Structure formats: structure tokens, C-alpha cells
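For reference, the structures are reproduced in the following blocks.
The following pair of complexes shares a single chain, chain A, combined with chain B in the former and chain C in the latter.
The block that comes next holds the complex of A and B.
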């Protein structure tokens, strides 16, 4: 195989497939990037057996062929090169030569025959979504994705396409975040649980493309954008029934300026150390939402915000980091806080909209 | 009792006990309820119990921990108020802030009770004057407290209960034994009804009778607690104020007079240690993430095993299984043990993040139960209620 490609384009393609490199040392082949040259294309692939990524770039192919090169090393080398043509030449001996200007590197390769075959997936349903809208909802829900592998289903994001709505839901069992957007031109329906990390990678990688298409097969979900195909396994099992968790009726509603609330939470949280929560008190007579935090032997903080209140006075406590997450990803000038009672989940919404719901379980004071 | 003590020698301990705290808060917040019998607790229609009763309600015989239905029969005209613990905690913080202004040496016993060390040698002020100052400051909050002033925690606690509500009872240094002597033995924390009956059987009815016993007889009548109860009946109690500040861990251990070998014995002692430590954690208002089990074998070698949990806990129901698992890692049945210890470190705020799917509901319920038990112990003494070993099925009993 002998191929020559512009350094910038090669680096872009390598950065895409780098997301799929495995860190598992037990299978060395998975730390490699599968490189193949045909016609006028250089095709790169990587997989960690959970996700598989394939992307291509225009290249001058002198001699078609394929090989597996050490992934991180190739990335680091190309990143360090000046902006010029890079040639990759893999000879009969299995040694790869990477040359750019006066720099040259040679490295061992692995056999392309040992590299897992890229999953050939025939999608039963395919939909197309603007990539910025997709990235927006992924960003909003991803904080609520669980990192706890003991409940695999919660490490995923429920992706629902229903009529013209694209909806994502994530929960780590302490909070649940739902975000949806209306997407023109959607047809068909799908409901799939995708590993949270894969979804975040797709959202990040797809920002250069205008739209991405999402296809679903029995076991896998396929994202296509630009010259890239990103295949992830689906997470099996049933996602918690989120509709049932979201309270239909609440006792207290507070409407507050998002920026003010965000700043107040950040300030008061400084006194919420060692697992201490942040307390919210709603006083209708005074039109105030008070935030308070107290750490034993350290001190306390307090702040009052002028807000619009309907319903009953109430006091509720939350983990400050979870509360901050919810307020920081809500997009809108005004936030609505809805409370049922001190030990029932509280709701954060963008005022006047149902497209964003952040459900947060309170902290029970010790 | 002479309340104008010119000079106080030795330690001075105050025991400040709020008068009908929850009920007083309700009367403070609802002026129309003042002077009327107020009962805080579960509805008399259900199976609730009385959390607190105002002095007006107590005149009808209403007591804490009484079934609400019974209280309603005794006092049909009472005002029933649902408990508002957040509000009580808020006022409790205000009261403790007053204590903090007086001295840093405050040992909180519960939301409405604390010991303060106001030893004049270090504090530089007459303890009785301090007590009067605290009482007026509490009055200004719209609440009421009773205070015992003595040379030890044990005597101060009995003194605060001597004249309630709104009393200050001073037991000057050297007069402890005379003060205690006429009181019934049940005045001493740790002597419940059954112990009192046993003592009455041998003619011991007052603390004076108890104080006159010799240590061997006291040990025979009262078991392992005999020596300390006897000392406390004589007004001797050197326990320091435990402020809980800068505490890194809470632990307890037990040395056995003869080595223990069987699983039942070892696990029983471990359960008791876990209960002691978790009760102290809750009283100190902290929870911990790291659990340590300590063993000393017959040959004096010591082993420990430790585990860090996902989140902090102050509940025996959560920590006991961990303790027993750790125990199994370092001890095999039949090996003699001369010491067993249990500790919790990595102390943090005990607030508990609730779970959307109710995975924690058992722990939450258990927490409620333990707080109830703590309240009973706080009021009636450590021995007033205990948790039995898990009930075994008949099959297990046959095998055991």
C-alpha cells in the first residue's frame, strides 16, 4: 500500500477514528487504526468492540492495499508534522514508512486480516437530524447519564423520535433530564437506548457536518455524517418509564431569572461542603426564593432572590452539584422550579416550555 | 438550694434542656395556641404517636411517645399540630448559636438538649450567672429552657429535670451526694423500670440507697454497668464534654473478660458495637463512608479490615452487614477473640440523596425508625429500648 495525503486532512480523519481506539491492552489489534487505500480514497477505521468508526478522506493512491497502524502513535506523529503532503508506505515486510518533508518514521504494523470487520448494518429505520440541534440535546441530557456500570441501562440515553419530535432522556437515578426539539421533515418512529459516551462522541464529531442520519437495527445504531459512519451497540433492557416519574400536579411554582439563580447557586454552594446540601425556601408573602447552605464547623451562606411564586411556601434541599447541572444546561432566560413536597422530586423547566425537564430528587436532611 | 454561690471550685457543667420544645415552637408560631394544650404528632385518627406535648397538655397526662388516640382521649380539646422538623431545626440552630456565644465546649445531645462546659477556671465567670444569661436569651427567642448547674454531666442532667419548666437548679460542688440521695433511682439515666423493680426488691429505692451499696453488691444487681451507676449515684462522673469538633472517626471497642469463640457471640457483640457507634454518629449529626473492623486474638495479635462505601451512612441496618462481611474476612469461627472493635471514618454531613426509583426507601424508613429510637433513648436513657437480634426461622433454631 502506498498513499499520499494532505497532513491537515489526514489529521482530521485520524482525530475522528481516535475516539474508537480501545484502551484494552488484552487485544492489541484494537489499539490500531485500520488503514486502507482504494481508488481516490484513504479509509480509516477503529473499534473497541462497543463502537466502530469509519471515515474517509481524498488521497493520491499509488498502490492500493490495507494495514493496521498503531493508533495513538500515528495520531501523535501526524499532529507533530508540518502542513505538507504525508506519504504512508507499507511494504511486503509489514513495516510502515510515514514520510513528510524531511521527517520520516518507520513502524511495525499488524495484519489487516486480524482486524474486526466493520459491522455491516442494515438499518430498519433511518432519520435525518440537523447536527447542531442534535448536539444541543445531547449536551443537555448528558450530565444526567449514570457512570455506574452496575445498572447498564442507566449508562445510556433514551433516544426517541416520534413524529416531528426528537427527544432524549437520561437518568442516574438521582435526577432525570429530558430534552426535546421539533425537527422538520422527520418521518417514522424509533426508540433506542444508546451508550451515553458514544452519543457524546457523535455529537462532538458531527459538528462539522450540517446534518446527521440515525439508523437503527436490531442490535446497533448507526450515525452517518459527512464522510463518517459511527456504529454503536444498543443497550439492551428497558429504560425506566420517565413519564410516570414526572409529577403531573405540583404545589409550588417559582419563576426565576436563570442567570441570577445560577450565580446564587454557585455562591451559596461554596458553603455546601462534605456532602452538605443546598436548601431552597420559598416564601410567597415576601416573593423570595432563599438559598442556604451550611457546613458543620465551617460556616454558612444565604442568599435571597426576588421571584414570582404561585402556590404554597415550601422548603426543600438538593445536592448543589446536581442543582447547578440542571440550571446550567437549561436554555432560556427564565427558569421554572416546580415542587410537590420536600421529599418528592422537584422539577426544573425553561419557563413556558415543556421541551426541557430536569427532575431532581431532593436530599433528606440528616 | 442556695443559688448565690460565691466561688465555684472545679468543673462546672450546664445541662440545658428546652421545655416542651416542639410544642413551644408551635405556640410561638401560633400565638392563638398559647395557654392551650398543644400536641405535636401524628393524627389521633390514625396510628400516630405524640412527638411532644405542651405543659398544658401534660397536665391531662399526655406524654411523648404515647399513641395519639390515647392522648386524644385524655385531652379531647387539644390543638393537634403536625410536626415541622425543619422549623424545629431552625430554632434549634438559633438556640445552639446562643450556646456557641457562651462557650465552644458544647456537646449537643439532641435538637433540644446540650451540655456546656463553663468551668470558671477557664471560663472566668460564675456558672450560675451564665445559666441565668442563657435562660434569658432563650426567653428572648420566645422559648423556654430549664438548666442544671453541677460539677458533672450526670448531676447536671438530673438537676435540669428537677424544676421544670423554666427552672435553674444549682448543685454546688460538694453537695452532689446530698442532692441525689432523696431522688428515686429512676432519676439516673440508665436505670429503667425493670432495673428499678429489681433494686426495690432488695430495698434500694433512692439514689442514696444505691450510693450506700458496696461495689460487689452493685455489680451483682446491675451487671457490668454496676460500677459506673454506683459512682454516678454518688455524684461522681468525670466524662468530659464531647464537642464532636475535628472528629475524624467514631469508634467503639469491647475487651472480653474471657475470650469469645462462637459466631453467635461474636456477631452479637459486633451488632452491639455497630449500634453504639451509629447512635453516636446520629447524635453528633454526622455520617461516615469508611467502615473499620478491629479484632484482637488470644495471642494479642491485632487485625483490622476496612471498606469504603459508595455513600455516607449513619444507620446500623446499612453498616452492620458490612461489618459482618469484614469480620468474616479476618476471623474464622472458633478462633478466640479478646477484643472486638468497630469504627466509622470519612465523616460528612448525614444528608441523604434520595433515589427517583425508591431504591433507598428501606434506608429512609430505617432512618426514621432509628431517629425515633434515639429520641426515646435521649428521654428515657440508653437502656430504655434496644434492638433485638434478627429473628431466626424455626429451622435455623433447630440447627442452631
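The block that comes next holds the complex of A and C.
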């Protein structure tokens, strides 16, 4: 195989596939990038058996062929090269030569036959989403994705395509975050659970592309954007029924300026150490939402906010970090806090909208 | 019974092959199996064959790309897992597997996880694994391999269907060795005796000149043992043990290469600890194996003496040392032979208690020398 390609384009393509490199020691082949040259394209692939990434870039192919090159090393080499044409030449002996200007590198390669086949999947359902909208929705739900492997289904995000809506739901059993956007070009209905990490990677990689398409097959989810295809395995099992968790009727509703609330939570949580909760007291007569936190042997903090209140007075407590997460990812001027009772989960919404719901378990007041 | 060609890899275990191939065909595969049997009985081969039978469209043809990938360890839906800790499975490793268990398969209809040395689960890693082992998703098959049922934690064993493998009969084992290495039947029999009947180890033995050299040195020593004085025994023992160590050095060189390649592929910053720990384990195992081999050779030679003393021209394991054995056989009584065999068993036990191999072997040779000098 012999190709030459502009350094900048090669580096862009390499940094995309670098996300899929595995650090697992048991399968050294997965630390490599599969490089193949055909026609006028240089195609790069990587996989860690959970996600697989394939991307291509224009190149001058002098001799078509394929090989597996050490991933990190190739990345480091290309990064350090000056802006010029880079030529990659893999000879019969299996040694790869990377030449750019006057610098040249040679390295050992691995057999391309040993590299796992890129999953050839045909999507049953596809849709196309503007990439910034996709990144937004992923950003909002990803905080609530569980990191605890004891319940694997919760390490994923439920992606629902329903009518003209794309909805994502994530929960770690302490909080649940639901976010939805309206998109066009939907075909059919689908509910899949996708690993949270894969969604975050896709959102990050797709920022340069205008739009991305999401396809679902029996075992995989396929994201395509620009010249890149990103395939992730789906998580098995059924996601908790989130609809029945979200209360329909609430006793108290508070509307508050998002910026003010965010700052107040940040200040008051300084006194919520060692997992001490943050206490929210709603007083309808005085139109105040009071935030309070107290840590034994350290001290306490208190702050009142002027808010619009409908319903009964109530006092409820939440974990401060989880509350902060919810308020920080909500987008909108005003936030609605909805409370049923001190022992039932509270709701955060963007005021006047149902497109973002953050359900948070309360902490029992001591 | 009709079954896919892939089961032909499994030698001398037709009952197991019938049972597993039928389960795969009828779709009555269990979620977890515990394969129990001596090393070399074909447990890992059977586990791979099972994966082939499940994945392949042709009940395990053994030749299609899917079967090729499984048999060579490239199939993304078949994982072979070995303990990563110095002596056992570690929790972080188990967690990684659990994560993978709950993902959908990459390309096949099932996912197969093969855990080698399942007796090396300790309490922590077993506890982390139990829930997954008990009720994995429907498309997961977990195969645990262990040498004996009793060595596996009961909490693990009780969650699996147990499949017992028998030791491969000597006749067919010799056939395999001759076919693979082109050795003579006598050499193959001697190799089997040295490796306790474990076929892969016997294959290695036949291919390693250094290990055969160690055996020859030991047999020469045994031949002259009655005539030697104490000092001679000590110096020659050291020499034999040195010869037994030679293969360890070969392995060390191999490891150094592997480590260098690993660094080259993953970059300088990558962690090499799991790899180094695996190598350390292999090294310890190899060292042990070298000494065990010497003990097995001694044992089989003493057995030859015993057999020859009771029958004329009975089957001997060590054809090349038969003359010395015959000489001893003319005078030795069964009771004396058993006393000598006891000395070997004692040495084995001592080494398993971490007595220095050199001391154990020396003591054994002195005991045997006493028996041989006055064999009545």
C-alpha cells in the first residue's frame, strides 16, 4: 500500500478514529488503526469492540492495499509533523514507512486480517438531526447517566424516536433527565438504549458536521456524519418506564429566574459538605424560595429568592450536586420547580415547556 | 450422531461432544457451563467448538470465516478471559466483562465468554460476578473451565451446569503426539509420562530440546544413583535442576520481546502492569512445571522398575532407560519400589508447600538412593 495525503486532513481523520482505540492489553490488535487505500480514498478504522469508527479522507493512492498501524504512535507522529504531504508506504515485509518532507519514520504493522470486521449493519430506522441540536440534547441528559456498572441498563441513554420527536432519557436512579426536540425526516418509531459514552463521543465528533443521521439495527446504532460512520453496540434489557415516574399533578409550583437560582445554589452548597442536603422552603405569603444548607460542626448558609408561587407552602431537601446539575443543563430564562410532597420526587422544568424534565429524588429532612 | 466438523478437534471426548452439539442444535443451551477435567482434556477446545456450533450457519463447519475467527481468537463475540491478578481474577476485570455482557452482540446471535481457570475466582471477584452468572441476558453463554469441581467456589459452581471431561486415553494421546511432532511412539510415551498425560504439555516437551535434555540428564543420574556418594548426588542434582531451568530462560527472552512490542504499539505511557503480571504468572508456572516434570520422570521410571520386576517385558514408559530399569527390577521388591515412589510423592507435597525445589529433590534422591542400595 502506498498513499500520500495532506497532513492536516490526515490528522483530522486520525483524531476522529483515535476515540475508538482500545487500551485493553489482551487484544493488541485493537490498539491499532486499520488503514486501507482504494480509488481516491484513504479509509481509517478503529474499534474497541463496543464502538467502531470509520472515516475517510481524500488521498493520492499510488498502490491500493490495507494494513494495521499502531494507533497512538501514528497519531503522535502525524501531530508532530510540519504541514506538508505525508506519505504512508507499507511494504511486503509488513514494515510501514511514514515520510513527510525530510523526516521519516518506520514502524512495525499488524496483520489486517486479524482486525475485527467493521460491522456492516443496515439500519431499519433512520433519522437526521442537526448536529448542534443533537449535541444539546446529549449534553442535557448525559449528566444523569449512571456510572454504576451493577445496573448496566442505566449506563445507557434511552433514545426514543416517536412521531416527529427525538427524545432522550437517562437516569442513575437518583435523578432522571428527559429532553426532547422536534426533528424532521423521521421514519418509524423506535426505542433503543445506547451507551452514554458513545453518545457523548458522537456529539463531540460531529460538531464540525452540519447534520448527522442516526440509524438503528437489531444490535447496533449507527451514526453517520460527514465522512465518518460511528457504530455502537446497543445495551440489552428494558429501560425503566420513565413515564410512570413523572408525577402528573403537583401541589406546589415555583417559577424562578434560572441564573439567580444557579448562583444561589452554588453559594449555599458551600455549606453543604459531607453529603449534607440543600433545603428548599417555599413560603407563598412572602413569595420567597429559601435555600438553606447546614453541615454539623462547620456552619450553615441561607439565601432567599423572590419567586412566583402557586400552591401550598412546602419544605423539601435535595442533594446539592444533583440539583446543581439539573439547573445548569436546563436551558431557558425561567425554571419551574414542581413539588408534590417532601417525600416524593421533585421536578425541574423549563418554565412553560415540557421538552425538558429533570426528576430528582428528595433527601429526607432530619 | 451427526455433528459439525468442528467437534472433531475434541479428541477422546465423544460424550461431551455429543451432549454439547445436541444442545446447540436443539437450542437448549444453558446460560452457564462449568467444564471440569484435567489439563489438556480439551476443555478450551470444547468451549470454542461450542461457540462455533452456535454461531456458524452450518452447526460448526470449522472452515467458514466465522469458525476461522473463533478458532483463532479474533471473533468479537467470543471472549477468552484469564485471571489478571497475580493469583486470581480481579474485581475490575470482572466489572469490565459485566459491562460487555450487557451489550448486544457485535455480529453473531450469541455472545460466549470463556473463563479459563475458574478455580481462581476469589471471594471478591466471585461476588461481583454472581448476579451476572446467575441470570445473564438471553443471548449470553458463559463457560467456566476448571481442573476440579471442588476447587471452584460453591457459589459459582452451583450456578452452572457441570460438564465433566475425562483424561484422554493413552493410546489416542500417543497417536496425536506422533501425528503432530513426528516423534517415535517410544518418545511420545516418555513425553506423556513426563507431562502427566497432558497433551499440550507433552507437545511442548517434544518440541523443546532443553526439556528433553533435562530429562536425559535425570535418567542418567538415576541410573548411576546407587554408586554415587553424597557429594556427587548434590552436585549432579544441581546440574539437573539447572538444565530444567533452561526453558525458563527461553520464556524470559520471549517475554522481553512481547513487552517491547506492547510498548511500541500502545505508546510509552501505556500501562504494562497487567501484561507484566501475566508474564510473571507464566514464569512461575513454567518454573514449577520444570520441577514437576523431573518428579514425573522419576516416578514413571520407578514405575517401570516395579512393572518389570513383576512381569517380564511389560509395557515401559521410558524405553530409553529400560536397561537401567531392568537391572533394578531383578533385585527390587514391590515394597521397596513403593517406598521409593512414596519419596517422590513426598517431594511433590513439599514443593506444593513452597519448600525450595532443590532441597525437596535432593531429599527425594537420597531416599531413593537408600532404597536402590538395599532394595529388599
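Annotations for the structure displayed:
Heads up, the rule we're going with is that the second predicted complex is superposed on the first by the 363 of 366 C-alpha atoms of A that agree within 3 Å, B and C clash if a C-alpha of one lies under 4 Å from a C-alpha of the other, contacts with A are read in each partner's own complex, and residues count from 1 in each chain.
Convention: a contact is a pair of C-beta atoms (placed from the backbone, for glycine too) under 8 Å apart; a residue touches a chain by one contact, two chains touch by 3 or more.
Fair warning: this is a prediction, and the values are worked out from it, not measured in the lab.
Contact with chain C, but none with chain B, is seen for A:114 once the two complexes are overlaid on the shared chain.
Within the superposed three-chain model, A:235 lies in touch with chain C and out of touch with chain B [touch as defined at top]. A simple residue count on chain A separates chain B from chain C, and the partner touching more is C. By the touch criterion stated above, A:153 is placed in contact with chain C alone, chain B being left untouched. Applying the stated contact rule after C-alpha superposition, one finds that A:219 touches chain C and leaves chain B untouched. Shared-chain residue A:317: touches chain B; no touch with chain C.
Shared-chain residue A:365: touches chain B; no touch with chain C.
Within the superposed three-chain model, A:67 lies out of touch with both chain B and chain C [touch as defined at top].
Contact residues on chain A toward chain C in their complex (touch as defined above): 23, 25-26, 28-29, 31-32, 47, 49-50, 70, 72-73, 76, 107-108, 110, 114, 116-117, 119, 149-150, 152-153, 155, 195, 218-220, 233-237.
Residue ranges of chain C in contact with chain A, taken from their complex: 72, 74, 76, 82, 95, 98-107, 131, 137, 139, 261-262, 264-267, 270-272, 274-275.
Looking at the complex, you find that chain B touches chain A at residues 86, 89, 245-246, 282, 285-287, 312, 314, 347-357, 359, 364, 367.
Those residues of chain A lying in contact with chain B across their complex are 171, 173-176, 240, 245, 274-277, 295-297, 315, 317, 319, 322, 342-343, 345, 359, 361-366.
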